[in-house]
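Listed after this line are the structures, all set down as structure tokens.
Below, chain A partners chain B and then partners chain C, in two separate complexes.
Then we have the complex of A and B:
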């Protein structure tokens, strides 16, 4: 083979991936880089954005406890949502997996349901059920005499966690479901024949094997909840902001783009660290199950 | 007295009867094989003994006690699954120790028994390996050790060797037999492989379509098959359509131009079965023509066209001259080598 042909061969993969690569660079990397750059720019009420390099926005985020509270709330909500989906989703997937054919597909559809409906419509539905004195559930409970005043749902972290958990449930269920598919169908019988009761089988045999599925589902749910916008915007509104709605407000209400960009960048970097870090941890811990 | 007893056991799934009228008594220390094609109900029967399925009718007794009333976790049977069903998140030693843990065996005794069990199956030194880092044969041994370490009253093997390649399977057969002989555990093996059943078991239960076709020693089932199914399933056989004529004295059994004095009992149309290796070439007997002749090293395989349809003959390669293709021959056999059954005339 001639040197020229060899060179052409080496270039071929690049040429072939170039269109996709350009799209990726154009719509993802460049805007991302511009956002990061924007976070170092100056901004003033009257002068607008000044393309200079200063650490003012970052300094503000680091020192003003308001931002610490925002981020702490964001991650608290994400962690609680993750825990809730794991606690409900893992058993749900296990039960689903044991169902017979027709029921299985029916309930799978119900679980996947939230993904098929717009986030806005779904969250507004929650608001109609629980929101204020006129919420359907609150009305029912009050007329039944079970509660005296309505359970607060709108503008609460509880409300946000519940609504987010509903949205995120499919990701957890599907992730655990995938782990369950890898289980040997006779493994429970094997444990039973050795004298293990149902609780022991779940704790000692099933749980360790689906744990990687739970954890990878947790990573998805956590990162999606921490960066969720629509649900916190509707349930929390202006009164209970999280990082995503904060960045949005800085951009579109205060018009302080550089500060908004700094908030968005910090959220992104924090998430990347958490996800990559926990992923590495999980892979090391469960090396034997993943093989 | 029977150690394990199945009394007219039946299993139905909806309208479909998978196992019917299954009666068997197993002596202590015996090695029994359930042999049959897939779907014959052998695995279902095993699962009923194990307790994963409840029989629709009938009783299963172990040492006179009703086994079906005992929860599968309390039956104390050792089971080796076709897929081994090892716990992938535990090491080989932890897998084997699991059953002992469930029985609250003290830690020091547990470690000792696990070590002994792994050594017995030839896996000393593999204690800390995880199953996914072991070969199929090694996983199989771990599964066997895990089932045996709890000193089960009965060892149930569900096609344990079917995932191994031919050479390894043969090795494991020999080893399995030796281990079973050494420790004397009553064993039931489910298999569709007639060689496996014959080389391992004391007795074979041949099953077809949920029913027992024959129970007998490997030799009995091979030499004296109780039904056409058994003779077809266990090795090759030649079936010739014949007839018994009792209008003459002495009564005659005839097939084509071949005839002998008839055995007592039967009358009318019969099937005469002879194993290919029991047929010889002689001066008188069933007329046939050699169609093909195949040399297979230690023996010759002849495919013939006889007066009563196609026939297979196997002759030892004893160095003597053998008939060639196209040659007309006479097939002979000793009367004790044939089995004669009544034949349905459709």
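Then we have the complex of A and C:
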């Protein structure tokens, strides 16, 4: 290859990616930087946004217990949603994986399909199922004898967690499913031939091997639940605020943009720390699985 | 491998019913003949589907969503195809960082993106415009367009290209007559998946849409905030039907399992 051709080869990838790179710098990185800056600006009911450097919004978030309570609620809902998806999604992925070909792909489609269906439509479904004290869910639970009096689902954290878990479930099933594909069925057979019972096989053979899948699924579900908007807004109503719905209120109702930007920036930074940190922990703990 | 026991199958049945129930109940309530929210126990009626025609804002929002999804996915592909070819074929410094940047819209919460774009486009004098919506949607659907094109470009047989080059094809001709047809299934699936993502997005769009540029999910969300009646279930049923159609097309062209498996991986 001549020197000129080599030169062209070195430039080719940059020429091909340049348009996309410029798009991302211009319309993604700059707006994100502007949002962080906005969180340091001042705001007043009558004067609007003042482009000065001030820590007022951050001070308000740090000291007003309303924000601590709201962020704690956001993360509590996200943690409960993650636990629920892991407890139900992991066994389901395992059961799915043991089905025969046609059933397997059919049920995989049923469970993963909702991923692509509008979140508004799915949450509306839960609002219909919950529907007050004599909603379908409560009627079913009561006639099954599981509960004596109706559980309030609408406008409660319980309802938010149930609906969010449904919205996030496909991500967990997918993630555990991917881990199961790497699993060698012969190990299970070997354990059985050595006299291990079903419980022992699940606890000692299956669980340790699918744990990385469960954990990476948990990271996805947690970060998506902590920043979810549609489901908390519809099920939680106007009273029960989480980070995303509070930011929405500050931006489109109160019009206090700097404060909304501070809430959003804090959410982004907290999520980046949690996700990057737990990814690093998982990779260290399960280094041998990822190799 | 062992079969599933009866307990496992009962668990599975309940799981599947719970996954399907909310979607099914929306579609069923949409066919109610009553004037209030109820399951259609006294026969089916298309009454609430006809009522949609009396709400021009829903019809308008539908066209906005359709145009926005189609256009932004197309524009995203114009940027994503060359980028995917570069990432698939060259090993260059900064390659991993670039790929991470291009996939980053998946990791950034859509609320944060919505706020950032609202601030940005308002300062640029484009607040609430259709152009602003297009640009914002290009960014959020870009990772989906990129991933599927990248998969097609990585798996492509380069020998066909070499044969074309030896016969004198190069540059644009090579791309248009050889490379593009070979990666076309990936490109079309990338477009379809990007379209679905754009068509369904609420969280980011709710910050950017103004009266006149409201998309269907935004219109539905604002409507639900005030009251839930059978009308919004019939609109939802239509949305579900449209998504299902796109899903079936995607399955024909590409195989749904590959699309979804790719999607799960990106969330990491």
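One rule holds in what follows: the second predicted complex is superposed on the first by the 259 of 291 C-alpha atoms of A that agree within 3 Å, B and C clash if a C-alpha of one lies under 4 Å from a C-alpha of the other, contacts with A are read in each partner's own complex, and residues count from 1 in each chain.
One rule holds for everything that comes next: a contact is a pair of C-beta atoms (placed from the backbone, for glycine too) under 8 Å apart; a residue touches a chain by one contact, two chains touch by 3 or more.
Source: prediction; values computed, not measured.
Asks: Of the partners chain B and chain C, which touch A:184 in the superposed model: first, second, both, neither?
Replies: Touch partner of A:184: chain B, not chain C.
Asks: For A:142, select first, second, both or neither according to whether it touches chain B, chain C, the two together, or no partner.
Replies: Neither: A:142 stays clear of chain B and chain C.
Asks: Please work out whether A:197 is in contact with chain B alone, chain C alone, both, or neither, and reply first, second, both or neither.
Replies: It touches chain B, and chain C stays clear.
Asks: May I ask you to name which of chain B and chain C touches more residues of chain A?
Replies: C
Asks: Could you look at A:274 and tell me whether it touches chain B, chain C, both or neither (first, second, both, neither)?
Replies: Touch partners of A:274: none, neither chain B nor chain C.
Asks: Would you sort A:257 into first (chain B), second (chain C), both or neither based on which partner it touches?
Replies: A:257: touches chain C, not chain B.
Asks: Using the touch definition from the top, say if A:205 reaches chain B (first), chain C (second), both or neither.
Replies: first
Asks: Looking at A:114 after the superposition, I want to know if it touches chain B, chain C, both of them or none. Which is it: first, second, both, neither?
Replies: A:114: touches chain C, not chain B.
Asks: Considering only the contact definition stated at the top, list the common interface residues of chain A for chain B and chain C.
Replies: Touching chain B in the first complex and chain C in the second, residues 185, 189, 192 of chain A appear in both lists.
Asks: In the complex formed with chain C, which residues of chain A make contact?
Replies: Interface residues on chain A, with respect to chain C: 9-10, 12-14, 16-17, 19-21, 23-24, 27-28, 30-32, 34-35, 38, 88, 91-92, 95-96, 98-99, 105, 107-129, 131, 136, 163, 166, 169-171, 174-175, 178, 185, 188-189, 192, 198, 216, 219-220, 223-224, 226-230, 233-234, 243-244, 247-248, 251-252, 257, 260-261, 264-265, 267-268, 271, 275, 279.
Asks: Which residues, counting only chain B, touch chain A once they are in their complex?
Replies: The touching residues are 50-52, 72-79, 81-89, 98-99, 102-103, 130, 132-133, 146-147, 150.
Asks: Under the touch definition given earlier, write down the residues of chain A that touch chain B in their complex.
Replies: For chain A paired with chain B, touching residues are 184-187, 189-197, 200, 204-205, 208-209, 286, 288-289, 291.
Asks: Once bound in the complex, which stretches of chain C touch chain A?
Replies: Those in contact with chain A are residues 1-4, 8-9, 11-12, 15-16, 18-26, 29, 37, 78-80, 82-83, 85-87, 89-90, 92, 95, 98, 101-102, 104-105, 107-112, 115-120, 123, 135-136, 138-139, 142, 196, 199-200, 202-203, 206-207, 217, 220-221, 224-225, 228, 232-233, 236, 239-240, 243, 246-247, 256-257, 260-261, 263-265, 267-268.
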